[in-house]
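Both complexes below contain subunit A, partnered by subunit B and then by subunit C.
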Partner chain A sequence: MNYLIIRRLSTQPKLAQIPKRWKSVVGLEVHAQISSASKLFSGSGTHFGSALNTSVAYFDASIPGTLPVLNRKCVESGIKTALALGCQVNEVSMFDRKHYFYADLPNGYQITQQRAALANNGKMTFPVITPGKKVYYKSVQLLQLQLEQDSGKSLHDEQLKRSLVDLNRAGLPLMELVFAPDLETGEEAASLVKELMLILRRLQTCSCKMEEGALRVDANISIHQEGDPLGVRTEVKNIGSVRSISQAITFEIHRQLEAVAQGGVITNETRSWDAEHRRTVAMRDKEVLQDYRFMPEPNLPPLHLNLKPGSKSTEDLVSVAALSEEIPELPEDTRQRLMEQYQLNAETAIILVNEPILLDYFLKISKDLSDVPTKVTSNFLINDLLTYCNKSNLDIEDCSITDSDLKNIVKGLHSEQINLQAARQLIQLLHTNPTAKVNELIKQHSLEQICDLETIEALCQQAISNQPKAVLQYHKGKTKALFAIVGEVAKISGQKANMKSVVECLEKMLKAAKK
Partner chain B sequence: MLRVLSRRFYCKIAAKTNFKTAKLDFKELRYATKVPQTPVDTVFPETNANRVEIDAKTIQLLERLSLVNLDSEQALATLNSSIQFADKIAHINTENVRPLYTVLENQQLQLRNDEVKEGDCRVELLRNAKVTDEDYYVSPPGNIPLEQ
Partner chain C sequence: MRRHLQWSIKQLTSSYADGQLSPRRVTEQALEDSVNLKTLNAFVRLTPEEARQQAQQSEQRYQKKQPSSGLDGVTIAIKDNFCTENVHTTCASRMLQDFVPPYDATVCSRLRQAGAVLLGKTNMDQFAMGAGTVDSIYGPTKNIWSEDLTQNNWRIAGGSSGGSASAVAAGLCFAGIGSDTGGSTRNPASYCGVVGLKPTYGLVSRHGLIPLVNSMDVPGILARSVSDCVEVLNAVAGPDGKDSTTIRQPFTKLQLPEVDGLDLQTVRIGIPKEYHCNGLSAEVLETWTKVADLLECAGASVQQVSLPNTAASIFVYSILNQCEVASNMARYDGIEFGHRAADERSTEQLYAQSRAEGFNDVVKTRILTGNFLLLRKNYDHYFEKALRVRRLIAEDFLKVFEAPSKEDRVDILLTPTTLTEAPLYKDFSSLSNRDQCAVQDFCTQPANMAGIPAVSIPIRLSRSGLPLSLQLMSRSLNEQLLLSVARWIEAQVAFDSLDHRLEQKLS
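This part shows the complex of A and B:
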């Protein structure tokens, strides 16, 4: 009972540690919808949110007499993704039919590539960010990258005991990325997906909008004791966001550990992630092992690609070499470049690469203000701008501050015209009046920093007289008491004093007073 | 007039040339062929001994997977004979022979430009369905998560 109460109160189970000798193994299967104008094998549109059953061609509805014709853009996107993930692209790949009966699969089979996929043996190396722990790099092998069709969408009407089927999604092009079970925790899985999303967005092969169903992640989770072979795995589906990945996997690992601790057995089943109650739930029809009866697709000859270096693409033969030149800088390369060229540390580089808009601001500001140290710019962007957006529940894309405004603020900070508090105020002011100019705002709200030594000395004197207790403690040896006095100066100066000179001045005065 | 004359001339000339040398003699082959000229006797092992017993659970599973009705005796007999027939393939020597998945294996798959050219035929598509509801197809309930 206590366990249930704990579960309801906290977001993560209280059982934080996995008992020694037990290892958890997680393997991900990611389905990424390729951004293309038309579907994989038919000419109907792929626009999200179109009217019911209108983006459906005769082939998608499985009308007899229709045949599949492969979309070149999908092949190119698949190849580009494979190359970016370090895969070996296969010269010949073949399509298969995967048979199963479901209302949203009109054909009764899905065209996929099981035997001979588009690419194999890739690798992804990415930073794992766990709150409270140091960042470390993890490498996961990509077993297979294949092209396949999506099925339609069904809405379950429990009252009337029926399903409503919309075939707009039937036939949409998907890339299935099958990763090896090299992961161990939910955070590692979430970091993998984050990195994958960064890569796919840069390549522009997938929009990665999980809320639109453009990226779907299924996790295979099992536990075993050290030295034993891999345990029975369960599959978790219906994970709707990056945060859910980490939550769902952590929950499932603990559920399995609990079950085994109580003497139970893990069955090979498919479970659904219930985001509302934060738990995985068993799904009905999966008690019996599903046999998909894979069969080569008779309507499609093998797909040939041109692997010769220096070749060009023709109408029916896509050249892999030509596409490899179109791949932009990958996130890991950007991080390395930020660390080497701009002397940023690993954590800062990771945060900047994770937020492309911040990265853009950083690069622009650093280019224009070459005398400002990069650390000042990056600190300001991350600690002040990003924090402001998070606090006000703003997406950084919706923030209306232009990069020239940010440049002026950073310039002001560096030249000590304004201090950090003023900079933060400026951010807020600029967001509410986007047309205002930084210098005008500084004058309007008198945000200039007080650097004048005489004024500072006067303020320090006042603070010392206001805080006799703190002064005594400082003289006793508690140097931290200085900050109480500094805080007093900040208060009386309306947060406008130059903190560096205040501290210097106070230390001088207090040492003089001691004598 | 001139045309008719030239045609008659052509016909006479054509009749005179000897096409007999180009006529195919089907009794004699001109090029080497891999198709054996006399039937090759392939010996398959005694199949009656390899009768596969299929238990009730497998039958149920097969029915579920393929949606084929295997209730009657006749159906079971057909199933058994199909399995025996297909089983013969397993005994063929395929060492050093690459599998052939399609006779079109050397043909390049034709690719299509990424353009929207189809769709917007909802009325015609829904006309095929027996039961529809406000532009949705209606089907019996599917895979729903169990509530614990």
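This part shows the complex of A and C:
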């Protein structure tokens, strides 16, 4: 995003007065909880919403004498994610202790990877969707992917002046992904996170449920003038939804621009996103000057991986090559495949990939109904099914229509047995009555399209006499008036007439009448 | 004096097997003696009920002729920094005075599985930070060899595993479990006239050992003979899924050859000149020379070698120790377990007060120093540098153990364990903890830096009637040869660990 400089009184030499443009710079750090049955270094469970302090091994509570044992599954998930993001996976990585005192950090340190992370130097390329603008692709560098443990949760009772600690989350496995500050806007950041979520879900390495804290995003934001070094950055922590990412960053960029315009300075601080009032607020932060006193974790030997091509995993050594074979098709590959193999346009491909269930329906229907043009199917799924769900405030996952029902509707549409209106009605009927059969519903609610030419002629005749004004306008050359007459046919046929035939028939009849 | 105390563990268990003695009788006697010898302050807590139950079960196994192992019914004392399920584990610190672990350390569970009778928990320096067993909330442990136990004229037991060493020396148990970070097992073994083994790092699981320095800690074994040490080692050593730093290859139980079966002609002994250091007493030097001669006369090749970085070792040890201590002690905040102060005005206040009350000055000093050394601005200059020198020290050992030419290569290093006989408490306690450790750990901590096995064996009595001991070291996982040579020396010098005429002193 570029902003024209707002200059105040200047006493500087002329050369410097050439207005420069403001640039905003955004970098993200993402904490993704690794989907795994047990914690990163202990055997306790990871189920979200367990009763307080019930998923806590002795190690998680830092009981003296307990030692960390690295969870192999988490290492494998980390490697898969790193590979999918084009990282260089390191043959040897190490764990470190990061020290700070907090009641929900039982050890007084977090085990993380600071000096030698699991993977580095990845890259993500993703479509940026901004409402009202053309889709474009953006690339961002992934500097580091590291494994680390989560902390517990503190619950503060303000009235009783007491703090309670829940250690269920303590020790849960996290991947921290540190991205380079290659982004400029909130929309780009939100698009990056969306793409990341798609990838992690495909890999099944993270549930990406932001509402459960399974994916947490911190954003570093600064502004500077073109050609100048980067400005002082602020960090907005723990943004709770994809929508908030875009909003929080956009707000923060504007806040900084405004502050500078008013002669203020940006201070390096941590801010949080207040979703209710849609603003970032400075956190009272004591950790700004914190020295984490990093130290190698002496209880975990260095993590060695087998990087040899064609190698297999053994009990002692995980093979990166073997894991690379388990990586499924990634979202961008799917988009390309949709465009090439199914002749869809980029926007359609993007929407389908963003909604994995829709994509699944699309692929199934296209496979079973090979004679139906893919556009009919994709249009129906996106314009009708998705729209219905959005309007009804329904997650597409929660819509109870089966793929075979959808297939039958598309089939009916293609064979002109039903029209679009009937299809929409069927979606509604099926959602409220999932056991019903499409064909029975068509009969029961007489949704069959009227294709019989004589009936259509009669309906058109009726409409012409109902709409003399429109007919007159049409004859005067206002061809758009035809829609009013078409609409009339739709109305008197109970939305059941075949519109293609109606238009043909009306044009023929009106031309004949003019003569 | 009980006659069976003179026996080896092997003799004891065979007397159980033929019904001559019973685990119950031996246990009862041990419990009784422990109470009578309270003045030594070896135990901080006896667990008579559990011990009696274990002894009874052991007896039943012998009756069925199904003993669990060569340790079945053998009385063992555990240092109070090993977690014992449902039995207080205090590290001799106020911080853990009321801490009852919900689980057993691997060493303890393996001993139980082997049928051993665990008598109780032994005294130590607070969190094992010391070399005298003088910094304990339960008071100091006295050396049973002291000329005078009743006046303020007694000798220290050494430390930090002084309680276990003292219990073994007094005949209260057949073996003691200690821990060894810089010499904490070998040092009290040396002063108390018993055998103290520090196995190769990673050979015995640290799971359940409350850490001092994770990268150097090893469970240690104290016993009255090398063979007894082997019996205990065979029960506790081997990989453990709960400790990622244990050596993964399966452990083959040691079987020492008969004393006469050891061919010393094939053994090359190194005498590192750097261990001939300031403060080494004439008597220890004399002992060292005598044993070197003994080995040479028996056909072993004995040569002087150099470990050039030895003098730096104690400083590096001190830095790494304090850094890990600062980190390891961070968990003691009074939230999940341990001492919690009454001050709950704020979380920070609660931490500060709990830690101020829970730790002694030694622990606090190390925490403060360690945190200072780990600061971003100091890390490279101290911690990182110390790690580099640590590698040099480890390489020193590798160079002599794995020298390319056979002439330069040695199998065993022979050195003093401590520089003198056991000091008087009043002399020792006049020094700072820092100075105490700098002297006491000089010969012992290099083995911890390199992770190699080392054993201290008593050789003879000093003119004051106090034990003088020597240390043997070898390359990693070479316990078999290390202990074979130790046993050979043991047989030649015929030191009697129980010859302290305790009854006379007490009467």
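To be clear about the criterion, the second predicted complex is superposed on the first by the 489 of 515 C-alpha atoms of A that agree within 3 Å, B and C clash if a C-alpha of one lies under 4 Å from a C-alpha of the other, contacts with A are read in each partner's own complex, and residues count from 1 in each chain.
Note that a residue touches a chain if its C-beta (ideal position, glycine included) is under 8 Å from a C-beta of that chain, and two chains touch if they have at least 3 such contacts.
Worth saying up front: this structure is predicted, and the values here are computed from it rather than measured.
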Side-by-side fit of subunit B and subunit C on subunit A, or clash: clash
Partner chain in contact with A:Asp316 - subunit B first, subunit C second, else both or neither: both
Which superposed partner A:Ile427 touches (first subunit B, second subunit C, both, neither): neither
Which of subunit B and subunit C A:Arg293 touches, first, second, both or neither: both
Which superposed partner A:Tyr109 touches (first subunit B, second subunit C, both, neither): second
Partner chain in contact with A:Arg97 - subunit B first, subunit C second, else both or neither: second
Touched partner set for A:His304, first subunit B, second subunit C, both or neither: first
Which partner, subunit B or subunit C, touches more subunit A residues: B
Which superposed partner A:Ser55 touches (first subunit B, second subunit C, both, neither): first
Partner chain(s) touched by A:Val69 [first = subunit B, second = subunit C, both, neither]: both
Overlap of subunit C and subunit B interfaces on subunit A (superposed complexes): 58, 61, 63, 69-70, 99, 101, 103, 163, 165, 167, 291, 293, 298, 300-301, 316
Subunit A to subunit B touching residues, read off their complex: 36-38, 42-45, 51-59, 61, 63, 69-75, 94, 99, 101-104, 154-158, 161-167, 238, 272, 274, 281-286, 288, 290-291, 293, 296, 298, 300-304, 315-318
Subunit C partner contacts - residues on subunit A that touch it in the complex: 58, 61-70, 97, 99, 101, 103, 106-109, 163, 165, 167, 291, 293-295, 298-301, 316
List of subunit C residues in touch with subunit A within their complex: 82-83, 89, 91, 96, 99, 101-103, 105, 206-211, 213-215, 241-245, 248, 323-324, 326-327, 329-331, 333, 335-337, 347-348, 351, 371, 374-376, 379, 383
For the subunit B and subunit A complex, residues of the former touching the latter: 61, 64-67, 101-102, 104-105, 107-122, 125-126, 128, 133-148
